[in-house]
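Chains: A, B, C, D and E, in written order; residue numbering restarts at 1 for each.
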Amino acid sequence: MVWSLPHYILISIFMGAITLLYHYKIISVTIPWLPISVIGTAVAFYVGFKNNQAYDRLWEARKTWGGIINDSRSWGMMVDGFVTNQFTTTDATADELKSIKKRLIYRHIAWLYAHRSQLLISTPWEGSNQRGFFKKRAKYLQKKFGIGLLDDEITKTELHHFLPENEYSQLVNTVNTATQIINQQSKDLTLLREASIIEDFRHMELTKILQNFYTLQGKNERIKKFPLPRQYANMSRVFVFIFIFLIPFSMTPELMKAADWSIWLSIPLSALIGWVYRMMELVGDYSENPFQSIATDIPMMSICRTIEIDLREMLGETDLPLAINAKKDVLM
Amino acid sequence: MVWSLPHYILISIFMGAITLLYHYKIISVTIPWLPISVIGTAVAFYVGFKNNQAYDRLWEARKTWGGIINDSRSWGMMVDGFVTNQFTTTDATADELKSIKKRLIYRHIAWLYAHRSQLLISTPWEGSNQRGFFKKRAKYLQKKFGIGLLDDEITKTELHHFLPENEYSQLVNTVNTATQIINQQSKDLTLLREASIIEDFRHMELTKILQNFYTLQGKNERIKKFPLPRQYANMSRVFVFIFIFLIPFSMTPELMKAADWSIWLSIPLSALIGWVYRMMELVGDYSENPFQSIATDIPMMSICRTIEIDLREMLGETDLPLAINAKKDVLM
Amino acid sequence: MVWSLPHYILISIFMGAITLLYHYKIISVTIPWLPISVIGTAVAFYVGFKNNQAYDRLWEARKTWGGIINDSRSWGMMVDGFVTNQFTTTDATADELKSIKKRLIYRHIAWLYAHRSQLLISTPWEGSNQRGFFKKRAKYLQKKFGIGLLDDEITKTELHHFLPENEYSQLVNTVNTATQIINQQSKDLTLLREASIIEDFRHMELTKILQNFYTLQGKNERIKKFPLPRQYANMSRVFVFIFIFLIPFSMTPELMKAADWSIWLSIPLSALIGWVYRMMELVGDYSENPFQSIATDIPMMSICRTIEIDLREMLGETDLPLAINAKKDVLM
Amino acid sequence: MVWSLPHYILISIFMGAITLLYHYKIISVTIPWLPISVIGTAVAFYVGFKNNQAYDRLWEARKTWGGIINDSRSWGMMVDGFVTNQFTTTDATADELKSIKKRLIYRHIAWLYAHRSQLLISTPWEGSNQRGFFKKRAKYLQKKFGIGLLDDEITKTELHHFLPENEYSQLVNTVNTATQIINQQSKDLTLLREASIIEDFRHMELTKILQNFYTLQGKNERIKKFPLPRQYANMSRVFVFIFIFLIPFSMTPELMKAADWSIWLSIPLSALIGWVYRMMELVGDYSENPFQSIATDIPMMSICRTIEIDLREMLGETDLPLAINAKKDVLM
Amino acid sequence: MVWSLPHYILISIFMGAITLLYHYKIISVTIPWLPISVIGTAVAFYVGFKNNQAYDRLWEARKTWGGIINDSRSWGMMVDGFVTNQFTTTDATADELKSIKKRLIYRHIAWLYAHRSQLLISTPWEGSNQRGFFKKRAKYLQKKFGIGLLDDEITKTELHHFLPENEYSQLVNTVNTATQIINQQSKDLTLLREASIIEDFRHMELTKILQNFYTLQGKNERIKKFPLPRQYANMSRVFVFIFIFLIPFSMTPELMKAADWSIWLSIPLSALIGWVYRMMELVGDYSENPFQSIATDIPMMSICRTIEIDLREMLGETDLPLAINAKKDVLM
């Protein structure tokens, strides 16, 4: 809750300034309460509508990553269960089978890290590319909660580790690395089919899972690249500012009537009302773009690691990496 | 936000006129605030309802195009992985296989551009076919943001480039070109099956993807051809106009009471309230029809190009077109 | 918008009557505004809720018909691509194959018209079967916009045209013709499988599409046969009437206070508020039952024709029927 | 609408009592309107939220039964189309094939009636198992609209008719009869596969439909067994009672001011407001549990009969039962 | 409803304290009602929004468990129908087949209990790990309704019972036991395929069900591990507290005006309004995290048992465990 304090202070300062104007009789106009309450209701509607949409974006992003977890496990299970000697004419050795499984699963883990990395490249409408105040706010948020907690070198290291040597440089230089990694998996399956390591049924099922990964990747990219339409998002901020601006012109004169000193009550009271609206608007803001390297992001790094652990355990590996823990109460 | 200024000015002029009538005592009636606030709440409900539906249309359109991205990549991946010599009796040369892959993928890119193009043909209920003011507004929007940024010649050029010579003239002359291009793909698959380039499993999977394209195409056509029912859409505009019309008859006399000059405050205040409602109504309006060649459209051209790049990269091409960049802050 | 005028006039007459009672001092009671505004808000909630459900019904109906378009195209594509000589022992002639394709596609078009026709049979809760005022309204709407624009003879003609001679009389006499037409398609597929015109993979895929048609048909039947629960639908009308009834008892005495003549302002003002609520209620009403032969119906005839054109174009036919055009601004 | 009258009368009596207390000056307190209107708005929100959830439950239940209709028709179509002599080594006679089809379809109809019957067993949270007033209300509703319209003997009769003699007693004695009937279908399919009446493709497709039936049955059981959480459902009733209780303490003193006799107006007016809220709350109540043998239930008997007719018509039977008609305006 | 009494008492005490301050003229300020009613409306919006999301989480969790029921039955049905001698070269004995079926079904039941157990491990944001008051509330709730009703030893016992001896210790020591149990099922299928107990069609269908289980497990884990974003959840509590805090400063002075003693009415009235808001906020709170060992949890134990009974009945077992009954009105 501490992060909301500066907003309260800022609004209080504004309310204080207006109250002073009334106190020194510089202004004396009274705006009736009802029109303000009408705007208040309308703005609450609008902000509620925007929050709903923003929350849906966050939740869909989390669902998509949840789907990546599920289908990654299925990928691991199928690779483990489908890669056999049953259809080969000359049997592959146990080691060869194991190295095929490892290659297919490791390449998938590489896809995870590549996909995560591509989602974190900032877009023009995210705070860090905007002008003036909004830019500063975004930079501030990234410094305080986001950048630095996890080194981005991580992506390169992981890709080196999980991609076959000969594929690495070719894949990282494509326009959309994640897309081409999946295609690489598909090419590998074609070769395995030719070598009869898998046959048609299994080839089709594995291809369907790859198709799922394209769908899931595409969903995340859609959320990343298609922001809440600017007209919706900006209007809600403007409406809230208008509403907050109008409050003291009704509140202060009303409280002046009661007693001399009661005019000062107007400051905390008006600020409280304004703050409630500002907060309603802000909580939606934070979930609008769930992949922008701030504290309220989807914890992609943690999800990738969870999948990595599950898949490597399926391969029988015991030297597993640790799960990601929250740093400064923020899970990456 | 600049685009909303004319609305504010227009509303202010109206408010000014009414205020003058009061000032010169031409009218003196006072409408009580409460009935107006009741209408205000009811209208906020109604506009909120309409905005929700309008936003859902926009979002569904974007999801459908997202689905087109995903399934296009799957199409590329499957064509790349399924077209092989494994089942042929006499092997096709590597070049023959490559030219088959290229044909299937290029024809798909042609479908993308054809589909986009058909979605941009304007319908009677879109602004540009309506009467009077609405027509003008639509024309204005198209001039300012839409038409001209991208030449429509693009469709013809692209279709020429991506369709086989002998299919071009036949396909562009059908009633629904996109539909028949997909059917052409299916006919091609039948021939490839006869030549054993693919076998039954692969034939079925590729056909299922074609079926997906029909579904996605149909979804976009539905959004294009079935507008928000006119009764819903027009009523919200009428309600907002009624509400704005009533505001000054309550606001002005109330503010007259306080002081001589305070009557003039009624103009910006009433205009502000009216403007908030007008904007709430308008943001929904812009997302109602997401394929009408205006700035708030789904950026179809950009999506088509993204897919084109990904697919041609799968074919191993390196002479790739550039991604579409935003012009005048508008992404096509 | 013209259609909403009678409502305004009717409400004005009521408001006028009450105002006269006040004018001649026959009544003088004043109902305070706040309880009325409370009801107003509650009713707005309720009507908003009902409108949402009504709109969802309309939209789901349109989605279902959209799905029928998509799967019909897939049906055409698959019939065109799957009916071949590849698996036959003695090849069928090109004409025989073509006549099989035509039979399967024409029978499907027959299903479209039969399904549409069955959806238009009126049910007890639709306006035309209700008592008194509601019955009259429904009849009026059907006369003005619905019945007569398209002759129902159309169904018989189409079924004769698209069904094989020997199947016609048997199928139209079943309890649910559409259901049995699909089953007839399935029986045809069994025969084609026996003749090896299709094999198992293709048989299954085509059967799955038939299964989709059952699902889509069932969805439309559900919307047709399961109306918005009567308690929801009727209550919203009653609530709106209560609200409208109460308005003048607050509005008129309030406006009497200001000046002698201002009492008459009460009539248009009260009527305006009442009319806004009535309209909000009514727009939902029109979309509640989207298959009742009125102007706000799903344009089923137009959709059937679109599909017919697409499918016959796939068969290579050039003598295509024309698309349905809007008559009196209404698309059937 | 008649059913809502007792509520109006009850509320009026309460309002009358309070009004008398004011009339004889026993109480004189005035609660200001605004706090009451705040509660009124909050309660409208809450009730609206509950109604949405209740309606969703009803609608999901109807969708599930709609799905049962669709998949039952597909089951009939597939059994009719898939049970052939194509894969048998020694052909089965036409009669044998027909009796297999009949067995599979009749057993499915038995599942329908068994499933319906199990859904009607009352659960602890349904009205008929609750205490005091709620129990009486539930009993009353069941007597007036529910129990007795259709004899429950129907289930036994139908199961006897549609299940093979030797399966009947075993199946009705299992814990979940519907579940075991589906498993029985699956066992039958295994035997038909062994006899080569069906082969693998068809076996898999038919099994998938059985899987669908488990899903649909499970959805209905979920709605039946997982009521709207008690905290949500009961709170909305309590809130409405509180709101109704508070109304007269504001309304009566206000109306007393105007004239001597006008205090009596408080009774119908307060009752009207109270009644609107009570009704809003109640319409949700009725759709909350759609399988509790009351008039607002899903008409399961009618749906089962519709399916029975369609399926038996597919078998070529002509001695079909009649569709269920509404009794006392209630469709079972 | 009894559980909500302490909240009413607490709020009353606060209201009483403020009223005393007014009574002894320690404070005399009056906050006008309208700003408070504006906040009241805004907060009602916000709380309604949060309740919707919280309810969706609960309902999705219940749907997921419903899906587990459905797919578990399908698993049982398929194992029962697919494990046969039809494709074996040397037939397995009836006992061998039965023990295979039992192994596959028992291992699935083990997955159920393992999955349930993992969902109950508490996370940092659930009440029992939070600070101060919230921690106490959570501990209190768990003591009163949750912990102790069912011994957690149950998990170990069940896993011992349903997993093969040699798999038990290996599986319970993995990072995610449920995930690895499913993979174990898949490995078993691979062996059965090698032994021709199942063939490719059946292998694929059974694998797809396993894939479903991964999806369902992942959905539950998502709900467990991704709470309602803290900013949404906490803000709603803060807003309600602010609103409750402000009420008496408007209510008490207003009621003081009427009569000397009427000031005391302020206590129950203000408390009632406050309580309504607190309750609205709280009912959402309880459904936010549906797997935290409190009374409003999804009754997972009861669902697991229901599945266990159905599956063991499919195996022909008659020594079935009893269904779980509610203890202290709480179903586990």
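The working rule: a contact is a pair of C-beta atoms (placed from the backbone, for glycine too) under 8 Å apart; a residue touches a chain by one contact, two chains touch by 3 or more.
Just so you know, these numbers come straight off a predicted model, no measurement behind them.
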Intersection of contact partners for chain A and chain D: E
Chain B-chain D separation of Cα centroids, rounded to whole Å: 40
Centroid distance [mean C-alpha coordinates] between chain E and chain D, Å: 25
Chain E, residues touching no fewer than two other chains: 34, 37, 41, 45, 48, 201
Round-the-ring chain order [start: chain D; next: chain E]: D, E, A, B, C
List of chain D residues in touch with chain C within their complex: 1, 33-34, 36-37, 40-41, 44-45, 47-48, 51-52, 55, 58, 62-63, 66-67, 69-71, 73-74, 76-78, 80-82, 84, 86, 199, 201-202, 205, 247, 250-251, 254-255, 258-259, 262, 265, 269, 272-273, 276-277, 279-280, 282-283, 286-287, 296, 309-310, 313-314, 320, 326
Chain D residues within the chain E interface of the complex: 28-32, 34-35, 37-39, 41-43, 45-46, 48-49, 53, 124, 174-176, 179-180, 182-183, 186-187, 189-190, 193-194, 200-201, 203-204, 207-208, 210-211, 214-215, 217-219, 221-222, 226, 229, 231-232, 234-235, 238-239, 242, 246
